[in-house]
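Note that chain A is present in both complexes that follow, paired respectively with chain B and with chain C.
After this line comes the complex of A and B, so read on.
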C-alpha cells in the first residue's frame, strides 16, 4: 500500500497533509487558472471588430477575472512562503488539453468563437457540487490523447468532480495545515507581506485583490475565485452580486441576459445579439510547426510565442517578490492583444478559409 | 487577385509588411473605399502601372525612381497613391484636389471621410510612432511613462509577395 492510498482513505481532509502537498495543489491551481486564458483570449479576439459587442464584453470580463484568480493563487502561495513559477516548459498546456483540475469529459481547445467554444466555456465554469462526500474525488481512467497535467496533483489516478471541489480541497488543506502548525506552536503564514500583490499593483481587474496574511484572508481569496467562477452556494450570482462565469456564458446560448431574481436556465433580461458568422475562422489548436517555414505568418507566430514566454517570466518576477512589475505587465498585455489580433486577421498560409492563430504553448527547443 | 495587388502596392508605399497591413483588419475596407471614390478602372490602372514598372526592379534606388516616375509622379495616379498612403496611416480618405477632379472627373464619393468606425484605431500612424490612438485602444495605465516602442522597419522595402513572385 502506497502512502497515497493511505491518504486517500482518510476522510477529512482527503489529501493535503503537508506543505509539499499544499504546494502541489497550488501549483495545479496556477496552471488551471492560466490554462483557461489562451482559449478565452483567442475566442475574444476572433470576433470581427464592430460586431458581437455582447459576446466581446462577456468573454473579456471572464478572461480578466481569470487573471485576478491567477494573482490570488500567487498571493496565497507567497503568504505561506511558497515560490510562484510560471516558466516551466509544461506550464502552458498543449491544447487540446484536459483541465489541470482533472475533469475528463471534455477537452479545452484554443479555437474561434463558436457554439462549440461556448459549450467548452460552460464546461470549464460549470457549477458542480459533488452529490456526496465520497464522490468528490473519483477514480480517473487512463485518458490517452490530450495533455493531462494533473488531476489530484498528489494521486494522478484520481480526479475532482469539478473545479469547485478542487478548490474545496485546498480550502480544507489550508485549514488543516493551519491547525496542525498551531498545535506544534508554528506559524503557517510566514510569507513576507511585501511579496503580496496589492490593489496598488492590480487594479480594475475583475474584482478586489485580496492581500493574504492569515488563514481567514487565504480562505477569502479562494472563495472569491470559486464564487466568480460558479456562483455562491449554487446561486447564479456571487457574493458581490456579480453574475458568475457559468451563467454569463449561458446567456450566449440562451440569447437573453440574466437579471436579479432569475432562476438558473431562465434569463428574463434584454435579448443578446450573437452572430457566430462575424468571426475570423482561426485554426484550432495550431502548433508552430503547422505554419509553413519561412512564411511571414510563421515568423509572427514564433515572435508572439517568444514574447508570451517572456511575459510569463515577467509575471513570475512580479509574483516572486517584485509586485511593482505588474504595472509594466498591463501595457504589455495590451501589446499582446495587438499581436494576437494581427495574427488572427491574417489567413493561414496554404489553408483556404482558415486564419492564423496565436500559439501560447512553449515550442520545443529548435535544434540547430 | 485585386486585394493581393492592392496590399502589395500598399506595403511598398507605406513601409509596413503585408502581414502588418492585413493585420489591421482594414485591407478590404480600404480597397472598397478607394474603388468607390476613383472607380475600378482607375485603381486597376494604378496597380497595373505598379506591377509593370516597379515590381521587377531589383535595385532599391532604381525601384524608388520607377515608383516616382510611373505612379507617384503621374498626374492622374499620383494623388490617388498619396491618398492611399494617408488612408493606411490615418484611416481617413482625404478629398482629392480640385484640379484632379476638374481634369479626371467627379469622384464616386465626395469629400473627406473615415473609411470605417475601426479605421481610426487601426491607423499605421499609431504603430509608426509607438503610441495609442487617443481615446481608443487603451495602452494601459502609466504606459506613457515608458519610451514608445517603435517597430523595426521591414528588412526589405520590397513586399514579400513580390519578392517570392507569388
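After this line comes the complex of A and C, so read on.
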C-alpha cells in the first residue's frame, strides 16, 4: 500500500490533527476501556458461588476482553512513541459515571448483578452507528456529577454518539496523521517494537493480540476493539467468529445462547439460566468514606483500594517497556478476586440487607 | 470447543440395533475418542458405547464435578465424580491391608486377592481417566523399547522409538503439550531437528527452583560401574501454556480450551491452580471430552449408560459378531435392558483392567493364556522432608519438574529405573497435608486465630515430597481374572486383582529411598519419611519396610508382540485370534518404562486408527473373483 492509496482512503474529516490531539484521544480510550472493568468485576464476584454459571462465564469473558482492549490501546500508543500511564489520580472514574449513548444518557454504576446491571452492560456495548455524519459528535448537555467518557478530549463540550464513533475518530486521526507525517518525510510509527505486548504475554488461548508497528496494524487493533464490542458489520459475531459483547449480554435477557447462523434477537442455541436472587446485595457505588471509620470492613475496603492502585501501577510498568510483567496479571487477578470476595461476603455496617462492596476510585487524602 | 447440542442423547438402543457400523468402540476415554475421531474424519461410521451416563458436555455440567470436589471432605482421585451403582469404579479409599495369606478384600469394586493391596484407580465417566489425570506427559525412552534385548528384562516390543516418534508428535498435538524442546533431549530422546512442542514450557515452581539450587550437578553412584549426574528438569505437560509461534513450521498452535454447547472462553491457558488432580477448574488440562466434542459433529453415535457385558464371537472363525451390552435407564437404579451392537470391526478401549475383564467375562481367554496376565502399574514410593526455609509449597500446579536422569542406564540389568516428581502440593499424598497439619496445630499446639494461620503457612510451605515413579516389569502372575462369585450390581463380573511388587522393582525402591536420604542431606532438609506396617501397600524387602502406592498407569493385560504364542495383539493392537477385534490402550504395552502411559498409549491408538482406515479401505475394494476353470 502506497501513501497515495492511504490518502485516497481518507475521505472523512478528522478532528485529530496533531500528535497531542491523538494522545488526548488515546488516553481517553484507555480510560474508557478501563472504566468498564470495575462494574463488570463487581457484578461477576457478586454472584453466589455455585450459582449462575452461565452469567459468570459471560461476564468473565467480557471483562477479560476489556483488558485486551486496554492492552491494544497501549500497543497503539507505544507504536507511535506515546507513554502509557494508568496511575493518574483521576484515571479511575468516580461511579456512577456517564458513558455515551445515542438516545439517552445513562449512568454506569459499580453494582451487584441484576436486571439493571444487565441493561447497563447492554447500553455500554450497544452497537450504535450515528444516523448521519453530522450527528457523530453531539453537543454535550451539562450532566452534573460523574465522569463523562468518550466525550471529545479536544472539545469537552461535545460527546460522541457511541463508543464505535469514538474509535472511528481515532481511526480517521491515525490515517490523517500518518499521511501528514509521510508528506513531511517523517515516520509516525517510531515506537520500539520491544515495548509491544505480544500474544505470549496476554493470558489467552488465542492469538488475539495485535502487535502494532504501522498504520495497518494500528487500524486492525482498533477494529478488533469495536468488533468485539458490537460485532462485525452489524452481525452478532466478530471477524474471529466470536460472539460480540452486546449479544453475549443479550443472551442473559433472552434466555438462550446464540449459535452460528443466528440473527440478532433470535438466539437458537441451548437455554441458559439466570437467577437474580443468587447474588450478594452489594452496596451500589460505595465510597471509602461510607464505611464507618475503624471498622474491619473499612480496613478491607482500604486494603482493596490500595491493591487496585498497585495493580494499575503494575499494568503501567507492563505497558511502559516491560511487557513480560503482564504475565503476572493472572496472579494479580486472583488476588483482586480474593480481596473483593472478602468485602462482598460481609454485611455493610449499619445498612441492613446490604453487603460491602469494592471501591476502585482512588481515595482522596484522608480528612482528619 | 463446541459440543454439538443433543449429541449425547441422539442415539438410542433402537438406532444401534438397526445399524452395522464400520467400527464399534467400547469406551469413550482418550483411546476411544481418538480412534473415533480419526475414523469418522475418513467418513467411517462409528458407535461409541460408554458405560457412564453422558449429558452434553457443558461448562455448567463440568462445574457440577468441580462443586462436588470443592464440597467433599475426601479429596481423592474420584472425589469430583458421581458414585453410581451401575458403573462402580475403584477408589483409593477402598484399599485395605490384606492379612498375610488371608482372603481377598471384596469391599471395593476391585476384588483384591493380594498379596499386594493396591490403591490404583481409573475413572468411569465420559472422557475417562483423563478427567482426573495429572497430564504429565512423557515419551518412553528409546532404550525402554529395547529393555529385553539390551538388559534381558521385560517382554520384547514389536516396535521401536523411531516407529513411534511421528505418532508421539501427533499425540502431542492432539493433547496439546507444553514443553521446551531443549529441556527434553536426554537419554537418547530425539526429535526431528526443527521440532518444538505446540506450546512453551510451563514455568517451574519456586519449590522446583529451590530443589534445583541444592542438587543440580550432583553425581549419583549407581552400582559399581556407573556414575550419573542429576538435575531438576521440567516435565512436558498436557496443559495449555503459551503457544509456540515456531510450532508446525511457523504456523503456530491454537490451544483447545473448555468444552460446552455454547461459546465459552476458558482454559486457553493454565492458571496455576493446585488441583490438576482430580480436576482442573478451568479445563486448561486436556481431557478426552475435547476430542469427543469435535468428533461428535460427524457420523459418530454415542450410546451412554451402556455397559459392555459380553463380546460374542463366531466359534468357526473367531470373528466378533456383536457386543452385548446392558443399558440402564436410571443411574441410581440397576434395572437394565439388554442390547446388541454390530460392526465390521470392534475396538475395546476401556483400559487395561476393564479390557481384560470383559474378554475373560466373555469366555475369550486366548490359547496362550495371556489375557489379564502381565498386569503392570507404576509403583510409587514417597519420601518427604522439611526444608530449612520456606519454599512456596502449595503454589503452582501439582507437579512441574522432577529428576529424570535415573530413567535409563546400565543399572537396569539389575534393578528398576525410576523418575522422581517434585510435588508442589506438599506432603498431601503421604500424610494428608495440609488437613492433618491443621488438626495437629489445633489439637496439639492449641493455636488459633492469626497464630494458627501463621503456623499452618509456615509448616506447609517448607514441605518437600518426592514421588518416585518406579518401573514395574511384566510378570505372568500379576494379573486380572474374573470370578462368577464377584459381580457388580448390573451382573458384570468384577475384576479380581492378584499382584505382587516384583523384586526388580523393590531393588529400585530401595535405591530410591537411599537416594532421597542423600538428596535431603544436600538440601539440609529434615527427613520425615516413615512407612506404617499397618497401612495398605506396605512391603518388606531386604529387611526394610516400604510403602508402595498405585500409579493409575495400568498396562500389560493384552500385550503386543510378534507371535500369538507370546502376545495377545499384533503391533497394530489387532487380536491374533479375532481378526476384526482390536484391544487398545495401555494393555498392549509389553513394558512401561518410566513414562506415564497415556502418551505412548495414544501414539499406539493413532497407529491403530491409521491401520483401521487402511484395513476398511482394503475390505471395500471390489474383489476380483477367480473364474473357475480359467486357463
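As a convention for this text, the second predicted complex is superposed on the first by the 343 of 368 C-alpha atoms of A that agree within 3 Å, B and C clash if a C-alpha of one lies under 4 Å from a C-alpha of the other, contacts with A are read in each partner's own complex, and residues count from 1 in each chain.
The rule is short, and it goes like this: a contact is a pair of C-beta atoms (placed from the backbone, for glycine too) under 8 Å apart; a residue touches a chain by one contact, two chains touch by 3 or more.
Note that the structure is predicted; figures quoted are calculated from it, not measured.
Taken together through their common chain A, the two structures put chain B and chain C in a clash. In the superposition on chain A, A:363 contacts neither chain B nor chain C. In the superposition on chain A, no contact is made by A:254 with either chain B or chain C. In the overlay built on the shared chain, the residue A:243 is in contact with chain C alone; chain B does not reach it. Within the superposed three-chain model, A:61 lies in touch with chain C and out of touch with chain B [touch as defined at top]. Looking at the shared chain after the overlay, A:50 reaches both chain B and chain C. Once the two complexes are overlaid on the shared chain, A:180 sits clear of chain B and of chain C alike. With both structures placed on the common chain, the touch criterion links A:341 to chain B but leaves chain C unconnected.
By the touch criterion defined above, A:297 lies against chain B but remains apart from chain C after alignment on the C-alpha atoms of chain A. In the superposition on chain A, A:331 makes contact with both chain B and chain C. Once the two complexes are overlaid on chain A, the chain A residues touched by chain B in the first and by chain C in the second are 50, 203, 330-331, 334. Of all residues in chain A, only 50, 53-54, 57, 60-61, 64, 199-200, 203-207, 242-243, 257-259, 269-270, 272, 330-331, 334 touch chain C in the complex they form. Those residues of chain C whose C-beta lies close enough to touch chain A in the complex are 5, 56, 58-60, 63, 67, 200, 240, 242-243, 245, 252, 254-257, 261-269, 271-272. By the touch rule above, chain A contacts chain B in their complex via residues 48-50, 203, 296-297, 300, 327-328, 330-335, 338, 341-343, 345-347.
Against chain A, the residues of chain B that register as touching in their complex are 17-20, 22-25, 116-118, 137-143, 146, 149, 160.
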